[in-house]
Amino acid sequence: MINDLIYLDNIIQRALEEDIGTGDVTTDSIIDLHATGKAVLLAKENMILAGLPLFSMVFTLLDPELLFEYIYQDGATVRAGETICRISGRLAPILKAERTALNFVQRMSGIATLTNDYIERAGRGKVKILDTRKTVPGLRALDKYAVRMGGGFNHRIGLFDGILIKDNHIAAAGSITKAVALAKANSPHTLKVEVEVETLFGVQEALESGADIILLDNMTIDAMKQAVKVINGKALVEVSGGVTLGNIPEIAEIGVDFISVGALTHSAKAVDLSLEIVKQDKV
Amino acid sequence: MINDLIYLDNIIQRALEEDIGTGDVTTDSIIDLHATGKAVLLAKENMILAGLPLFSMVFTLLDPELLFEYIYQDGATVRAGETICRISGRLAPILKAERTALNFVQRMSGIATLTNDYIERAGRGKVKILDTRKTVPGLRALDKYAVRMGGGFNHRIGLFDGILIKDNHIAAAGSITKAVALAKANSPHTLKVEVEVETLFGVQEALESGADIILLDNMTIDAMKQAVKVINGKALVEVSGGVTLGNIPEIAEIGVDFISVGALTHSAKAVDLSLEIVKQDKV
Amino acid sequence: MINDLIYLDNIIQRALEEDIGTGDVTTDSIIDLHATGKAVLLAKENMILAGLPLFSMVFTLLDPELLFEYIYQDGATVRAGETICRISGRLAPILKAERTALNFVQRMSGIATLTNDYIERAGRGKVKILDTRKTVPGLRALDKYAVRMGGGFNHRIGLFDGILIKDNHIAAAGSITKAVALAKANSPHTLKVEVEVETLFGVQEALESGADIILLDNMTIDAMKQAVKVINGKALVEVSGGVTLGNIPEIAEIGVDFISVGALTHSAKAVDLSLEIVKQDKV
Amino acid sequence: MINDLIYLDNIIQRALEEDIGTGDVTTDSIIDLHATGKAVLLAKENMILAGLPLFSMVFTLLDPELLFEYIYQDGATVRAGETICRISGRLAPILKAERTALNFVQRMSGIATLTNDYIERAGRGKVKILDTRKTVPGLRALDKYAVRMGGGFNHRIGLFDGILIKDNHIAAAGSITKAVALAKANSPHTLKVEVEVETLFGVQEALESGADIILLDNMTIDAMKQAVKVINGKALVEVSGGVTLGNIPEIAEIGVDFISVGALTHSAKAVDLSLEIVKQDKV
Amino acid sequence: MINDLIYLDNIIQRALEEDIGTGDVTTDSIIDLHATGKAVLLAKENMILAGLPLFSMVFTLLDPELLFEYIYQDGATVRAGETICRISGRLAPILKAERTALNFVQRMSGIATLTNDYIERAGRGKVKILDTRKTVPGLRALDKYAVRMGGGFNHRIGLFDGILIKDNHIAAAGSITKAVALAKANSPHTLKVEVEVETLFGVQEALESGADIILLDNMTIDAMKQAVKVINGKALVEVSGGVTLGNIPEIAEIGVDFISVGALTHSAKAVDLSLEIVKQDKV
Amino acid sequence: MINDLIYLDNIIQRALEEDIGTGDVTTDSIIDLHATGKAVLLAKENMILAGLPLFSMVFTLLDPELLFEYIYQDGATVRAGETICRISGRLAPILKAERTALNFVQRMSGIATLTNDYIERAGRGKVKILDTRKTVPGLRALDKYAVRMGGGFNHRIGLFDGILIKDNHIAAAGSITKAVALAKANSPHTLKVEVEVETLFGVQEALESGADIILLDNMTIDAMKQAVKVINGKALVEVSGGVTLGNIPEIAEIGVDFISVGALTHSAKAVDLSLEIVKQDKV
């Protein structure tokens, strides 16, 4: 699915140009152009893998003749010490592309692993863990793909494929009711209308205005419970704001449909991965 | 300095296109095109600020007539609750650009703040804290700028502006001595030669081969101390691998020239910032 | 709104490069670089105007110092013989950009005018006239904007902002019920689910499967009437297929919510517009 | 020949990105990634085919492994109901690319078919039917190729490969004679000089000034007949302005060399084509 | 005229990125961001100036607030020691853009100066000196503009705006006569037909086939004289091949219309120009 | 190595678009699309070959099925009259790409050949001949590669991979000592510091300030000799300014490490190469 993205090539090419620039002066000085070998991608900690197709595309862009053998695929749980894939072919492109390829897969696996942590903590109920638009500029498609690989679901991809009415829109329109009416009149009929509210009054008005989804923002557990009662299945319910690994179990029990977590993409740590040359052939 | 980068416009344009795509269906439906107002950028936690010029450029690309008033500049320490800057002008472009602008400045300030933490912990000695090439693909210039705003220094920008001989280069050449000789013969004379070693034998050979910089990788504190004695000022000394906020004070005391830390850029958390509309004018 | 599109500049630049290429050999040979004058854009037939901002942007890209005076704006009804706007400044860029600028506004006004014709014929009921994805490759944003200027509404912009389950999706899933269930489970929760059906059985199944919108494709008037009765307000209803200026009054009377018409964008004729130089200043 | 165009890939890629954007939410939710099948491109009305290479390139860009079987080629006359080509391979890319691919070939075949209509009406004389620069911005090469497939000929491609002196050039130069002299002095010697005239006086002056081609603009049939007599083979003769399917037989009989028709490209209707999935393989 | 070229910005941006890349490490380390000063562009040898607009555009792209004062303009004869223009503003962008700006104007002035040398040697007759397509890849528009500044004329800009039938085309067609007939039948009627011949037989056949221009390739002076007699004004005559500053006076006397010289663009030497900082303001 | 450059494709594509534009009107009119043949690349003078990979890439971009047989490779000495490579396949793409392909290889071989001339004249000592940043805008990577093929070495590639302190930097800093200190404090530790001096006082100060490389600019032979004595191996020594084929033997004897020569790239003449069709197959 991620391979379908027409502009992935551009993202990878820019990343390679950024790192290699006018040439890898170390490798070009020392490594014989014809020298070949074999490398392995190793997990140095437990993780959910994400980004392996990009990892391979980086190397392939430099040398289409490199060969890959995959032991794991995106979405898999990999344990520390395990081999993820093997690469064989010319050494020079392997060394040149190494850092760029790792930068992709380490970040994406970090997001997938953190997403999985949130899901584990949220337990086995119906609630879906969603990402947000708090992604790294230019790499949103990759960040959101990594969330899916970790078991999460995607909220709207951008401002174009979902209506989310926030406080400023409400203030500008005059009321929730007026904002929802404007959104329904002026936007494509294929989109639902979601309204972000912070009080039970807001919940009530959103419901009456015909909102399809109600987003409870930064509410207390008690307020959220009341909101769910009031809504009573007449709209989908999403929770956001201040969600942590610590409080997500309690939130998940309330019975909402979605919990969205900005940290999945804006504060994930890179997982520890290592590319090791295991064999250098004689030239 | 960051404003000098010719391709910043492209980075910002891609980020905006990624988020706005075919249009902000919410804002376009609800907000009057001519409505104006005022917004403030607020710090929700203590931080070192970085990325404010990009923050402004995002808004300006959508509407060149927005006005900015800056209370803080990049590199400043900002306390939770303080206002960083004010924007006034048309509401619609402010709302459309908000998330993209925040994504830049939250990540960059996160890097600057983490860098500052490492520097504080390393103490007031001569050692310089360096970043690495473990940056987000496509945004290296921003990541490295943020490190500088946090008080750190940049290692080489890419593979093109610094020679760093690692284990695979050494294995391919046959020895440290041969690798250094090849690098000196074949690369531009404006570049120094740095060699990464893991043992005292390596330190010794690197020194004798004429390396300008010796990188001690993943050594024990004791081994690093011995290495510094052996080198004795005849080459610059850098430490990397396994550096944490916990062990950096001890490493900093050894008396090396540089400590490089991948986490500065690959595992910084976004700082908490908020853009709030403080006034909506009547249309 | 159209001016918000970040990539409009690219579209205009490509259009100008396509026409001017390596230079306007006629104008460059004959017209003095410093000669100035005044031109008017004239309607040669009745029309709904659309594309005037692009018209101006074409000239401005070549010469930012040209001055424009607008008598009409997009969306206005203009009668044959009326002046739409006046341009004054250097003659050479006016002559070079003329054809490209006209090509934009003639096509877009053609679409707006045809859209208006369909709306007039559909009468003053609640039904909204929608466009489709049958637009000129690369210019969809312009085509869809022109439809809005003509009084129409936009269906989904692309494959990314609306779910529309067609016969092939149904065949692949096994049934309407299964297809709708898959769509609900796997797509962002901000999107409604629309199902295209050709029979009353299909209408029934789509309704029971929880479709938000039902698209009646190529049905007879009678079948459509029955469908509307069956649906009875429990889903939105759209009609498409074989809609012409001839049969739209009858369809509009049935009481559906939307009628989508491919011809608006794939078969509109350019309106007749003319740019005339009304004054050439002495150099 | 159309395949030679180096920038075709860019045109197709932009068109696909415009439609697919961040993903086909319907197909991605419902269609198994590995499902395969077979589709046919069917003519739903009589037409001259144009654009089949682009049609295939759209699909191939998404999935290079799709297989094509061609029954007809560009330039062929296809009857309603006939199959034009067959595609087999993975279903998902076929469904995603369908609309974009059809948008190209429906427009181009529309132009070819309309061109052919004009030619048929003009009869079997020596006169060549030409297009103009009134093409869709950004797709001129495709529009002009489609005209050739319909049996027409191309006028100059842009402002760079032909000199055409119009009224504004003449006014600026002071007279036809001066304008022609300037063009001959200042433009590449590989280009002929064409002058647009509206009166017999103009014809006379253009002829005496050494124009290679004389364009009779919006003249009456009688005036055109006299012009042809006056010119008497000493220059090529082109007619333009107000040419319709109705009056072209009469114009064609006058004995001019070329008739140029803007409607070929600015007002052609899309032909009716349909892509039907004829077989879905079990996964 | 050169400023009209829409893609000049791209050329300049690429050139600047190529030189500055990730930053001017020298200037960024040493020069205060706010330091200002004044620089002059000096001629170090006699020359015909060309490329001054590009020179300025390079600086302006980095810092739009730099001020320029021009003493000479493109096409002027400048003597060694003379000042061409003055720049004032921030020092850092002046130093960063210096080399790139000089690279443009030194090459272009080199071409203009060499062109002027050929024209001087060819004397004051009617013959026009033409360039060829032997230009630096990607910079043809600049090379050809420089030729015009030196007093020369442009041959066709590319393969698209002039028909030039060479030996391989003739061989493929079977004869000059057949090749000319094919060209006349299949190419836009706005282009003349030029034929390259190497013998008097060729001249004769080209003339009879209706060629508009005959190119005498690598002929002896005597053969060229005979050719001119045979042609006798019935076609334009161009000479090419082996033209040098040494033999051009003799060729010019023959009475041909054009002499084309590849060396103008493929072998011009850069002129000697220097940018000197004449004043550094206190910060 | 040159093939590694990720952006070579863009350079070649732009060059081809520049020449072919909207089509090769001559070849398209005359040459049968299916006609095949064989061509040879011939040296018309003695040369060092450089750019053959680009030569092939130009043809391959137009027609990936063309076949190449190489007799020589880049860096080889080729004599007048010798065949360099053979191409076989479709004639049309060979004819269309010919001029663009030749423009690359003729310029690059010109640079390699001139570089070789300088090296021959400098004799067999230790001195290395360097290029400068005086390259054609946009083609620096090609120019610098050609220098290496001619036996020369590359100075820094741009402003980003080498520190070179010139007079303006010194004036701004206040002294050589201050400028070197600033450079050492503020730039990446992987770069050496080079200082350009014009006097022996400058040499002395540069040496004492810890400069890694001293560049003697425009000095007399005698001054250079004294400088080498003063420096005495404590820094690398480079000479530049006014170096010609005439005076390089004398400079080379002084015992400096590097001589840099701007003329290698800014004033090389194209070598004479010819592509000849040796066989045209019957269609």
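Residue numbering begins at 1 within each chain, and the chains themselves are lettered A, B, C, D, E and F in the order written.
FYI, contacts are C-beta pairs under 8 Å (C-beta built on N, C-alpha and C of every residue); 3 or more make two chains touch, one makes a residue touch a chain.
Keep in mind it's a predicted model, so treat the numbers as computed, not measured.
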(request) Look at all chain centres (mean of CA atoms) and spot the one farthest from the centre of chain A. (result) E
(request) Compare the CA centroid of chain C with every other chain's and tell me the farthest one. (result) F
(request) Taking all residue numbers used at the chain B/chain F interface, answer same if over half belong to both copies and different if under half do. (result) same
(message) Between D-E and A-B, which chain pair shares more contacting C-beta pairs?
(response) A-B
(request) Please report how many Å separate the Cα centroid of chain B from that of chain D, as a whole number. (result) 52
(message) Could you work out how far the Cα centre of chain C sits from that of chain E, in whole Å?
(response) 45
(request) Quick one: which residues in chain A touch 2 or more of the other chains? (result) 20-23, 25, 28, 96, 141, 157-158, 160-164, 188, 191
(message) Chains as vertices, touching pairs as edges: which of line, ring, star, complete or other describes this one?
(response) complete
(request) Show which residues of chain A lie in contact with chain B when the two form their complex. (result) 11-12, 14-15, 18-32, 35, 91, 95-96, 99-100, 102-104, 106-107, 110, 133-141, 157-169, 171-173, 179, 182-183, 185-188, 191, 262-263, 266-267, 269-270, 277, 280
(message) For the complex, give me every residue of chain E touching chain B.
(response) 13, 16-17, 20-23, 25, 28, 33, 61-62, 92-93, 96
(message) Quick check: in the complex, which residue numbers of chain C touch chain B?
(response) 1, 4-7, 141, 157-158, 160-161
(request) Would you mind writing out the residues of chain B in touch with chain F in their complex? (result) 128, 153-157, 160-164, 188-192, 194, 212-213, 236, 238, 257-258
(request) Within their complex, state which residues of chain B touch chain D. (result) 21-22
